[in-house]
Amino acid sequence: MVSKLISIEEAVDQVRDGIRLMVGGFGGIGTPVSLIDMILQKGMQDLTLIGNDAGFADQGVGRLISHERVKRLLTTHIGSNPDAGRQMMEGKLEVLFYPQGILAEKIRAGGVGLPAILVEPDVGIGPSQQEQLVRYGGKNYVIEPALTADVGIVYAKQADTYGNLIYEKAARNINPLVAMAGKITIAEVEEILPAGELNPEHIVTPGIFVNYIVRTSGGMGAWGF
Amino acid sequence: MVSKLISIEEAVDQVRDGIRLMVGGFGGIGTPVSLIDMILQKGMQDLTLIGNDAGFADQGVGRLISHERVKRLLTTHIGSNPDAGRQMMEGKLEVLFYPQGILAEKIRAGGVGLPAILVEPDVGIGPSQQEQLVRYGGKNYVIEPALTADVGIVYAKQADTYGNLIYEKAARNINPLVAMAGKITIAEVEEILPAGELNPEHIVTPGIFVNYIVRTSGGMGAWGF
Amino acid sequence: MGLLIDQRNMIARRAAREILPGMTVNLGIGIPELVADFLPSEWNVMFHSVNGILGVGPFPVQGEENAHLSNAGGTPVTLHSGASFFDSSIAYGMVRSGRVDVAFLGALQVSQRGDLANWIVPGKRVYGIGGGPELARYAKKVIVLMSHLNERNEPKILRECELPLSAKSCVDMIITERAVIEVTKQGLCLTEVMYPYSLEEVVTKTGAPLIISEYLQMVD
Amino acid sequence: MGLLIDQRNMIARRAAREILPGMTVNLGIGIPELVADFLPSEWNVMFHSVNGILGVGPFPVQGEENAHLSNAGGTPVTLHSGASFFDSSIAYGMVRSGRVDVAFLGALQVSQRGDLANWIVPGKRVYGIGGGPELARYAKKVIVLMSHLNERNEPKILRECELPLSAKSCVDMIITERAVIEVTKQGLCLTEVMYPYSLEEVVTKTGAPLIISEYLQMVD
């Protein structure tokens, strides 16, 4: 089987200025930090970033914001990264907020090829709620479009060379959803095994969703809001 | 921890005439056959049955149809159970067909509390497509309402006493979706362990979704379309 | 107003009394994280965390934290027996389908109708809406745990929230270092006043009318 | 017309030539199930089954079937290296998001525009729509494998399908025991005629106009 394992540098060549980049992780945990390091190092900018939160100013996904590589952020929470709030108030960063479960479902819908989800209109009062209303079964619903990305990057505990992924504990979070929603998905992984070495029952993300795997160079999300 | 293990007979008391009963399994495999046996034995009727297929005339979920306990069937395929086709043509059984992936998503939507899904209108030309159209982003979509059930019955390989479930191989199919969509969910299980004995990473259906577990009395779906 | 650790623990201890054995409970970030400490493990309360855990256990002994195991607030945790991991879409599926019995949330402001504001102070601080709106709307019971006053010593319980809302008419109960208040159809009902505060110190520092419960307790 | 096992295998062998190493391929029920037999295992074609398997392997040796491991047609199978299990919503997520390279489907009728009918013969037999509509619409390439004629020796390839459709304008290629036909914008293009049939026996038994490819092959 042709292995999907490539170098972090090669993988990050998929990320170009101005693309929609979706990132796994929740409060730092389960964030693909080596890929983010390389994106910073290679200088990509004008990114539209989609992820659960803005991480921390000096760590993980938050560094893309602090280093002003992000022009637009679709997320749920930025309280742990004061740079994000400051840039937002200064008008440097456009932020669209979604309730966490709705963001998760929007990403999943993108991953499984559904065009949109319907949600109750009074969930998630916020600036993102400017979408189309539809009346159905005597109630109003908001049509929330599915989210996909040019590139999705995720963090996993184990992969095989086909790209099957197994996560670890709370580092699973939105990673399996992001893994489905990228036109190109890159998984940063701790342990890489030959295809057939993972138990088919324990695989969380089937390898069909994963285009490339890279070996993490260490460092990781820490606890921390 | 209070165990959710009860007898099959007690469990089936949840199933009453006329309810919406959702059943896991695909082509016989992963069908909770002991629960179905008991439903037949206890005589429940006028059921609305929701499941992937009509099974076989003499086996599994199909027996509920062959024994004329079902007045309405929401499914994808009945080719393996000639009784279903005959009853449908005789007007005894109302059948609503959905494409398999759409039925699966409708059940999942019910399970996770979403009101409906949006699908492309020319997928699944069939008698079920009488739902509301909505125009969105320059395209027409069909609003397909979420499906829930009064009682959902599923088949699993292992459970712990909290109701966490692990499936086996292709017997997983729609079972994890059905397990979320029942107001009451009953899991028929091969092996029952104390809470804490299942690896939290390997659990497919968290126990919160499961109200009762019963020990299978054996018998199972076989291969067979 | 910043609370002392004793006050935060007192609020959490009182909050724990709203939980029954076997319940499924979501603990938000901040004071709510402390609630689990006040419940016996043998009650088998299943704590739900929106990052994808059901069955969160106590905080680990220092030095035994697992880098991949934290609650939604980023605090290291352990697991209770029967715990499971899943992705965030399933975590919110549990919430949205009404399977969470009680959600404890922090708040910036709460209105007399139970409106909740907890995501932004315009022009000053943006937190983000996070999971608040969905927990507030779909949990069977929603309890706000917060300080009675803000950092300028102004009431956080108001007739109308001044800050943008996270969710409308969703809060069932408010527990602060000064009081326990139930949100009823008739308005806010004061049921407990916490030592060392007086009834008057609660009433004057609450920005909405309070119905005094006929069963009002002065709690030591 | 019922096909002999040799004819079914011939169709499957020809179908296998449409697959490249590493592709993701869905095999429908019936003749499509046989296709995998004609591909070398080292090509690592990942066979997708809508009941929740990616990486279906060859049929098991008799006596070694696993009761919980079958393809969507209920036939016992084994696993290829790198296989995984998942629920049907994810199985169709793979399809709908365009990740299946080729789907092989059976059919009752196919029209000259590539319309597919494979779910009902009104008043006679109801199969149900199953996974056909979604596979037909979303797989990158859709190939119908079927007998050229029905049980009354009438053409199944028609100007317009007489039976209710499963999906419109979706079929890219038709392989029968008599012919290989590509569905093009200009109409149906006959590219191969199978031994022992003659060109005339294909043309007269096809219910729609056929463009004869300039590269037409008479296959032994």
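Points worth noting:
A, B, C and D label the chains in the order they appear, each numbered from 1.
Methods note: a contact is a pair of C-beta atoms (placed from the backbone, for glycine too) under 8 Å apart; a residue touches a chain by one contact, two chains touch by 3 or more.
Since this is a predicted model, take the numbers as computed values, not measurements.
Considering every other chain in turn, the ones in contact with both chain B and chain C prove to be A. Chain centre most remote from that of chain C: D (centre = mean of CA atoms). In terms of their C-alpha centroids, the spacing between chain A and chain C amounts to 28 Å.
Note: centroid distance chain A to chain B, computed from Cα atoms, is 32 Å. A separation of 36 Å divides the Cα centre of chain A from that of chain D.
Residue positions of chain B with contacts to 2 or more other chains are 105, 112, 114, 120, 167-169, 200-201. Touching of two or more other chains is recorded for residues 85-86, 89, 92-93, 95-96 of chain D.
By the document's touch criterion, interfaces exist between A-B, A-C, A-D, B-C, B-D.
If you check the complex, the residues on chain D that touch chain A are 22, 24, 44, 46, 48, 54-55, 79, 81-86, 89-90, 92-99, 138. Those residues of chain C whose C-beta lies close enough to touch chain A in the complex are 29, 49-53, 65-76, 85-89, 91-93, 95-96, 119, 123, 125-134, 137, 164-168. Of all the residues in chain A, the ones that touch chain B in their complex are 105, 112, 114-120, 132, 134, 136-137, 139, 141, 143, 145, 166-169, 200-202.
Residue ranges on chain A touching chain C, taken from their complex, read 26-30, 52-54, 75-80, 84-85, 88-89, 95, 97-102, 104-105, 107-108, 120, 122-126, 157, 167-177, 204, 220-225.
Only residues 1-2, 111-114, 160-162, 164, 180, 195-196, 198, 200-201, 203, 206-209 of chain A touch chain D when the two sit together in their complex.
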